[in-house]
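Order as written gives the chain letters A, B, C and D; numbering starts at 1 within each chain.
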Amino acid sequence: MRTELLMLTLLIPLTAGAQTRTTGPWWPNAEWGAMDQAGASNRITAQKIVAALTLVKTGRTYEIGQVYERGMPMGGTRDFALRLVPAIEPTGSNRVLYNDEFVAAEIGQIGTQFDGLGHVGGEVRYADGSLHRVFYNGFTTEEMNAGTGLRQLGVEHVKPLITRGVLVDLPAYKNVQRLAGGYEVTLADVRGALARQGIAESSISAGDAVFFRYGWAQLWSTPAEYNAAALPGIGLEVARWLVERKVTVTGSDTSVTEVSPSPVQGAAIPVHQELMMKNGVFNIENMTFEELAADRAYEFLFIATTLRFKGATGSPLRPLAIR
Amino acid sequence: MRTELLMLTLLIPLTAGAQTRTTGPWWPNAEWGAMDQAGASNRITAQKIVAALTLVKTGRTYEIGQVYERGMPMGGTRDFALRLVPAIEPTGSNRVLYNDEFVAAEIGQIGTQFDGLGHVGGEVRYADGSLHRVFYNGFTTEEMNAGTGLRQLGVEHVKPLITRGVLVDLPAYKNVQRLAGGYEVTLADVRGALARQGIAESSISAGDAVFFRYGWAQLWSTPAEYNAAALPGIGLEVARWLVERKVTVTGSDTSVTEVSPSPVQGAAIPVHQELMMKNGVFNIENMTFEELAADRAYEFLFIATTLRFKGATGSPLRPLAIR
Amino acid sequence: MRTELLMLTLLIPLTAGAQTRTTGPWWPNAEWGAMDQAGASNRITAQKIVAALTLVKTGRTYEIGQVYERGMPMGGTRDFALRLVPAIEPTGSNRVLYNDEFVAAEIGQIGTQFDGLGHVGGEVRYADGSLHRVFYNGFTTEEMNAGTGLRQLGVEHVKPLITRGVLVDLPAYKNVQRLAGGYEVTLADVRGALARQGIAESSISAGDAVFFRYGWAQLWSTPAEYNAAALPGIGLEVARWLVERKVTVTGSDTSVTEVSPSPVQGAAIPVHQELMMKNGVFNIENMTFEELAADRAYEFLFIATTLRFKGATGSPLRPLAIR
Amino acid sequence: MRTELLMLTLLIPLTAGAQTRTTGPWWPNAEWGAMDQAGASNRITAQKIVAALTLVKTGRTYEIGQVYERGMPMGGTRDFALRLVPAIEPTGSNRVLYNDEFVAAEIGQIGTQFDGLGHVGGEVRYADGSLHRVFYNGFTTEEMNAGTGLRQLGVEHVKPLITRGVLVDLPAYKNVQRLAGGYEVTLADVRGALARQGIAESSISAGDAVFFRYGWAQLWSTPAEYNAAALPGIGLEVARWLVERKVTVTGSDTSVTEVSPSPVQGAAIPVHQELMMKNGVFNIENMTFEELAADRAYEFLFIATTLRFKGATGSPLRPLAIR
């Protein structure tokens, strides 16, 4: 058990009925309160939206998510089935036909996907030695889980993502086609890339969306390559910088955003825990920035609206960059 | 068979390989070409987006879609199942836990839903007497349908909906809590409501989104009432006006937008055919405008991004109004 | 915590690799060994099958399961969706058409259903005070559960059910149309019904299938009545008698077989625990015996073949009685 | 269009309400009537069952179907997803835990599968030149198809398969490990194999189940090999012999039973049409006979109970051979 997860034992009464929750190293969340479920999406205030809209000059719109389709790269043991439920016979004097589609899938965790706060947590040892399974803001699996969806931290709590977007183009900075599998992007890399792009680090501020281009979307149409065991990505160093810069959401053009395998010995997706579990910062995976990079479009209005599926752990979405 | 569906027999060669398609009363679409699959979303140009963004003054954001959840009103024989696929055991030295969710549903035709161009078509008698099943721009079921999704007119072709939104508040104009089931909203009603709201009819222009509040969202939490056989809505008169005004998308706070049962003797959802099949105009159902109405917020930036599920007939979405 | 669940602490090495399992009051199973996963289906030996087949005289076959269809009574938050994936266009010179169907459902826990050994377990306090979640033969949730199905106690381990079947017709014995909701069938009732039917209690022997008719299948077509809160059924008294008689499987014409609500203060489905968790005895729910009862057919060849879905907790099935 | 599909034009009134159905070369079915939906399962009479049971001497039972599991060979664009819906928290004073599973799949057309009469049909040119899409007994797609399942020819009409089973072991006769891909099993092969096995051809009689071992189940664990483009199997010659022998069901250890690609120029699965569409004879695919062959067990009691999923085109099942 990691010592950083050791926690205090002060029991505090919470507002949600009879619930009480012990405090911990990363909760209750000082910024948005002990019962908050929206995390860093709280930073996208009305003022932030107004400011972000001013970034648009021409209305040129970039699709920075992938199309969802049979045969796309899939992670783990997830599945995706879409079936046409077609018009059988025309109906009515106007001879109407209609088609539906039936989908069976890990809907929030396939293709371009938004990781909600109920997606990744961890087991934590309390000061009394007992183990507990907690997510963002200290919500426990006992409080959260139900067969038909999360009772807490469902993705429906996430606010619309309409904010300033910044792309960190690492292959352009490194002068490579794409980063190598297993390469950890350093903070020096990020700073170098931002400098090359003419974006002041200090400009990255509360509520921004900061995305990392690794060039990996070039492999989207070859799933075996795309899903390689070794993936480039950020590590805990850059994750903590994102937290310091108070971004709302990050993301990338791989299926995990973080470097894989993790350089932290024996650890599994520690950046996910750092961002989501401890700080309520969101992550969008399987994006594509090839067009933005070709246009050297590094700052833009970012729009992405997660679906409000009650109790879901994530969401499919259609992220856009508008200039 | 409706005589308006009778068609010419001129065979024309099309660009898509060996395909040929006979022309008809409403196709090939003069505005966007014989192979167009994006319909009226083509009207949302870069310039239109830039203009729409200027409508935002304070950044106040309204959710005008419903949350997707077990027990919400469902239409026809559609189903919605969401199951948590939970963390079983912690993984790695950092004791990671993660949850997914599995969804099985008519994903594009439940809750707040966007009807794509492959959703509603009709059977048409050709000049030679033969019957054909066609959708927008004359695409036939033979060209379109496949077990794993539409080969033509899939919702992935629809462009992002970022445009000027106008709400027509009918209960406010009629001075009622909500419209009565079965009431057909007339063009006079629409004009009266717009006048009351201080919105010039002439201001409604190419690419706009025009929504109708019937007050029906007040019944969302009582599905039996919400799904009554008799629903208020627009008829063909207003539908044709929407087409003339060149709107991109309409929508409402019922499950069909159009009046039900149809005043056209024996007809089934003829407004759907008028809008989608003939004119490529989209329709969003099961929205809610109660907060907009309370704030008398009748003009706004409208943002809705349909999911790009390849070959789907529609999409769930999270429509927003921003002022 | 029930004291009967308190357990010994002797750690024993098991054969499955590095696994060790503590012994408990009901495991390791003395009859079939510590690693057994087939439970009481082990009692259906080749000899038992041969003997059971001799019960058939005329070949008259009774369907004692229900048809699976939209609108049938469903339990809890389960769902059932079946969609036709139809022939779109004929293929080949012989113009073949083919249809498939896509099903999304709690496939093992809808309609006439067989409860496997991974379906019901319980939380048990060990002698050291710690709590553990165990199922049949002491398998723990840690050993069993995985997102894509059970790693232990999956229904694929259950042997084919081809054995002697006995129906206990309680409404006939009680001279009522059907038992009242909430009525607990006593052992005296069972003995009285068997006597009336001319079946010696002593004839019920290892491997038999013993079913209880409550008359509840008469309500199958009215789901609200069928799913009443108060259901007739057996209690722990009869459950323990079934264990003593060494039956392989029981079942009934309600959705739980056991009386509901449970007469055991605060308990939830304790008969399920007694039968499955502790003794490996199976349970088939939502059967129908109206035709058997009409024919006074109380002893028969019972055939039911659970599907071997790897890692499933139960199975749909088509139970038959042949005379 | 094949001339054998040309049909007479006599319109006959049918009993099903206002329906009328034109007669054709293979319908109405003389044997079981114009409205029959059970096909050759009608041949399994009570007498047939009694006779088949007498084949059992020792009760030794063979599993001749495969386990359904993630990664098994799948055909076409079908999918199979099984997810555990696990116990979250214990319930009640007895601390009950329970697991369910959610399955999303072409449930009747994956793994060991039974093809029902609504699965395969064809487009037929009538005498007036018009084309119609028909299945067994002349049921048309218009009569049959609905979004939520077949209205006619659903698998629920099929009677239980409890009959005499005969295995034709072709690799043993040919003295090979398994037949070569693309090899068409001839009637001479079948007769030779039966002679080798000491089974008189004349003994194969109405209601029997006749299965063909090609040895292909040896490849089950290597899906790419199992799903090779060229598969051994019977052709129209043997199919017509099966029809003459009046069998109820056939089957094999490949995914199609018939030779692939078809020797009939340009044809797709013509044996399926011959058996199912024209004669109501069923087909079970993806079976395994390796154990039966090892024991030279060529005649047995065959038991298989298709699930009564209303409106389904097929069924998963657990076929057994008992000796």
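Methods note: a residue touches a chain if its C-beta (ideal position, glycine included) is under 8 Å from a C-beta of that chain, and two chains touch if they have at least 3 such contacts.
Predicted, not measured: the structure shown is a model, and the values here were computed from it.
Chain centres here are means of the Cα atoms, and by that rule the chain farthest away from chain D is A. Comparing the residue numbers each copy contributes, chain A and chain B share more than half of them at their mutual interface.
Of the two interfaces, A-D and B-D, the higher number of touching C-beta pairs belongs to A-D.
Between the Cα centres of chain A and chain D there is a gap of 47 Å. One inter-chain figure worth recording: chain A and chain B are separated by 29 Å, centre to centre, where each centre is the mean of the chain's CA atoms. Note on chain placement: the centre of chain B and the centre of chain D lie 43 Å apart, centres being C-alpha means. Contact with two or more other chains is made by residues 70, 77, 81, 83-86, 88, 100, 102, 104, 141, 145-148 of chain D. Contact residues on chain B toward chain C in their complex (touch as defined above): 70, 77, 79, 81, 85-86, 88-89, 100, 104, 141-142, 145-147.
By the touch criterion given at the top, residues 77, 81, 83-86, 88, 102, 104, 147-148 of chain D touch chain B in their complex. Per the touch definition, chain A reaches chain B in the complex via residues 1-2, 5, 45-50, 53, 56-61, 63, 65-70, 78, 81-87, 90-109, 118-124, 133, 135, 141, 145-150, 156, 159-160, 162, 262, 264-270, 272-273, 303-314, 316-318, 320, 322.
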